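Presented below are the structures under discussion, each in the form of structure tokens.
Two complexes come next, and they have one chain in common, subunit A, joined by subunit B in the first and subunit C in the second.
Presenting the complex of A and B:
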């Protein structure tokens, strides 16, 4: 089983019980199979990037993890509890950031957070620190209907954190964000993982997945194609070479040096010391390239 | 089921309701307008029939007919034929018709000549009433000439149901249940809009990803709907004097009415795509539900099929309590029917909303 390969032990979780343990789940909408034989685990403090095109089965998987849908086959265990059998207990420790901005528009940002804190049974909840964390402290008492798309997205993330969750399910958390805000959100995701939360992150952004994820899972047509660390995937599927470009008068010289070739180091040293050096690039594959290799199609 | 979570959702719904200017405006407007309408309506029924006459012949109280005002018949005299016609057309002094006797009326009767009497009737007067008035003209002739009809049948009036002669139900009393039902209907729209927003904005999905269970969610919507509709109806009821007789029974009837409309609101809210869509779906339910209230305005004309409409029991019980002063025993059948419909409507509404939320 794939899941066992990624069991992580920590001081607070010496047995290495995965925070999320999904085993061979299946779900179909009528005759259309949406998810089949999907298995993965996410350890506490780990970020798993869940990558796939639209309709690949990511949202259906998340719906099964939140208890919205029940798998037709297979088993889901979250924090050692069975989903949907112990749904209420599990949901109390889940934080979910949906792709759609399902916020109460007529209420303020602060009221939205307080309402969800009540649903989670969080006593003495103060929204200010969370709003500060997502950069909305100045808009605390403004109605959400007056928020921009990016602000709503940040409020969605804040809402998913009101109960200090042990498991975070984030569906496209940086969609609609400007680059600076996206960096802020990624920092928060890292902080949450560092706190010990298991994070399942679905995204179309391969760079984001590469940047944040400890492991990435490629999913296409309802099936997981592979799960590995981004580094391993790039090593397995990329070319270990360096592309060097330099200018000689009006001519531009470009050479590709395979790193595994004999004398590669000398060739690189020579190329770098040459006058007119313009650029040096490693030739490792991107996650997008690797996804195409697995799925036979891109992410969009 | 968690009381704290249900209370949290209801609090949120109340906040959303009060933030929606349209809902608040409509709610207040309905209260003010309905109360005003009620108190402007006549609270008594004038049972006298006024007939205009244009000849002085009857001024001398021929045959004692003109004194029959004491029996509900009043003659209003006009000096000319034109004045009489104008009075009938304009409904002057509430006269229902005008009788124009020719100047030779008494002489003709004395000589055995048949006089031509003009009967002025407004365009909308029912044919039966016109025939009645024609017969009445004959009666004047008989009274003056002293020639009775060859056979005088004995008429025995048998009143079926409550004899309201001299104690008719005023327009105010008739309108009371109608206004209460209308206000409940207005809350159908408000609640179904709140449900529709929750479905369309998919906020229900976010709520159900927390420890809130679907039962909590449905209970919150149901209780909020019932309370909202009941409070509005009860407020109106207080202002239009609906609690003057058997107040506990009125409260129970209004609560059951609120239960019914909440069930229908959950159905229409589940299927409304936007405000207009919700309005259209709500109207599908609101119009049939209002039929029993309108039927109550015309007692005795209620067809059998109206009695199976869920709100019939509500109207029936309200009329019996507020008009006839009925007790619990008298309204028991209506309450039973109302309870059955209330539970059925609420159960179906909750089931529909549950299915809708599950497919989000």
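Presenting the complex of A and C:
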């Protein structure tokens, strides 16, 4: 079930140029093929969830997008420019949030942001609004070494936004975050996409991918298995059903009614009208289930 | 490459320097080593004994003292000032020559001679000034010395005292920590903590980073080298030439430091390499300390070509023209190191990208 090539017809910018256009790229570490004929596009304002287990080729793909590695074959175009040919120009419009918290620990949060803003050539950069946005406005002048893991993660996201990037590459942006902070970070990612930034998001969190992504790409063993919207994947590969639980004396009765079965509506109506009704849940396949179906293995 | 981005990297290094133990060490080292060596061997390039004189009667002793090569004589207006300046250790000793002193001595009288000694003066200096003063008084009295001292130089006339031979040791320490250790350790730290990854996905290139770090290292190393020479009165009247040579030496060590920092995988590897390879950097120093060793051997070591000119100017009074051949070789070594650093940088950047 391995796809040869995927082209997602999502809206692009007015000029019709996708923000990220990856065409049949390949990279190997010595004899080990890490990325094989990977193709995808991400339009401005789109969030593409990149899902796969460790060693699937996600990080290698991102490193080729950032210009850290050059593809052995294939072509990468970002914002209409060739990577790595126009690396410096492209990097000026990229925002990258690494999984590893690679911040300058001996500098304050504010100093970290200002330093990177300078490298991006952002004049008159004020860190306060960005720190406020990630909930760190009270820790502006504290050294990062005094930050908690979650705070460092939020500062990483803030750092990736100092240049108001047109393309955001986010590697596990909510790792190490508490649920409330994770919601805040997801809101920021949505806001960035709404602003027009193309977002490539790698995550192990299927709920996050489902929640945020316009499209998801499953990648395993260096190959993209499929790309589609989460809804389409669930429709294609899952069974929609309703799980109804009701109490009869001391017993609890549970029915699972597939929605696509003939007479499903009548069965649901009967079940709902029964005395002792406890709970009704709609059920659909999760992205994890679908990934297992494609890859023959889980994400961890 | 962008000079502006290199400037930002330089600014970051400068701003963070007060928080870096290595920078503190680099700044403290010249003072520490000068203090240690001065404590053990006495000051390098000791100044002459300093004698203050109050002459209330136009004594011939004053004129004779001022003629002496080995004593710095200063005339002060009155005894009160003299005493205060001796107490402040402006002079090692002070001499008050009352009016009519010469006449009294010549007539065979034994007038009192007030002689102040600074409590902080060295014992050897006190002896020199006391004997010199007695000798000058005897000269005024017209007495012949009771003996004729025959002076016969023995041993190597070119002998340089151990304290002076330690000058290159102090210079290499002062320059090496700032120029070599600092950029090497900083680069390894950035690679280990992956902060270099974050910088290299911005428009900044590895060259921008190296130029910024290298500039900071060279400036600090040159300053510390100058401070070391100043602390030891070793400029030999050529501060400009000495600063230029220190600058060239700092550039050389900085380039070695960058190559080392880019090559070493981690801090342990870096310090192992420095321990193992340090002997090569220090080799010229050993040969200066032990002049009996064959002096052609250190010529195979790059650091010889900036340490030797500094030594020759400070100790032998050579001019810039005298040391120009060595200085030009030092410049050539620096130029040759640039492509090596560029090659290691490219390799290191790739390794960084393929390391998970």
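In this text, the second predicted complex is superposed on the first by the 287 of 300 C-alpha atoms of A that agree within 3 Å, B and C clash if a C-alpha of one lies under 4 Å from a C-alpha of the other, contacts with A are read in each partner's own complex, and residues count from 1 in each chain.
Everything that follows uses one rule, which is that a residue touches a chain if its C-beta (ideal position, glycine included) is under 8 Å from a C-beta of that chain, and two chains touch if they have at least 3 such contacts.
No experiment lies behind these values; they were computed from the predicted model shown.
A.B. asks: Would subunit B and subunit C fit next to each other on subunit A once aligned, or clash?
C.D. replies: Clash - subunit B and subunit C, as placed by superposing on subunit A, overlap.
A.B. asks: Figure out whether A:40 sits in contact with subunit B (first) or subunit C (second), or with both, or with neither.
C.D. replies: neither
A.B. asks: Tell me the contact category for A:59 with respect to subunit B and subunit C: first, second, both or neither.
C.D. replies: second
A.B. asks: Which of the two partners, first being subunit B and second being subunit C, lies in contact with A:118: first, second, both, or neither?
C.D. replies: Touch partners of A:118: subunit B and subunit C.
A.B. asks: Taking the contacts subunit A makes with subunit B in one complex and with subunit C in the other, which residues are shared?
C.D. replies: 66-68, 88-89, 91-92, 94, 96, 98, 100, 102-107, 111, 115-116, 118-121, 159
A.B. asks: Please name which positions on subunit A make contact with subunit B in the complex.
C.D. replies: Result: residues 66-68, 87-89, 91-92, 94, 96, 98, 100, 102-107, 111, 115-116, 118-121, 159, 163 of subunit A touch subunit B.
A.B. asks: Within their complex, state which residues of subunit B touch subunit A.
C.D. replies: It comes out as residues 4-5, 8-9, 11-12, 15-16, 19-20, 201-203, 205-213, 358, 360.
A.B. asks: Tell me, which parts of subunit C touch subunit A in their complex?
C.D. replies: Going through subunit C, the ones touching subunit A are 4-5, 8, 12, 15-16, 19-20, 193-195, 197-205, 349, 352-354, 356.
A.B. asks: For the complex, which residues does subunit A have touching subunit C?
C.D. replies: 29, 59, 63, 66-69, 88-89, 91-92, 94, 96, 98, 100, 102-107, 111, 115-116, 118-121, 159
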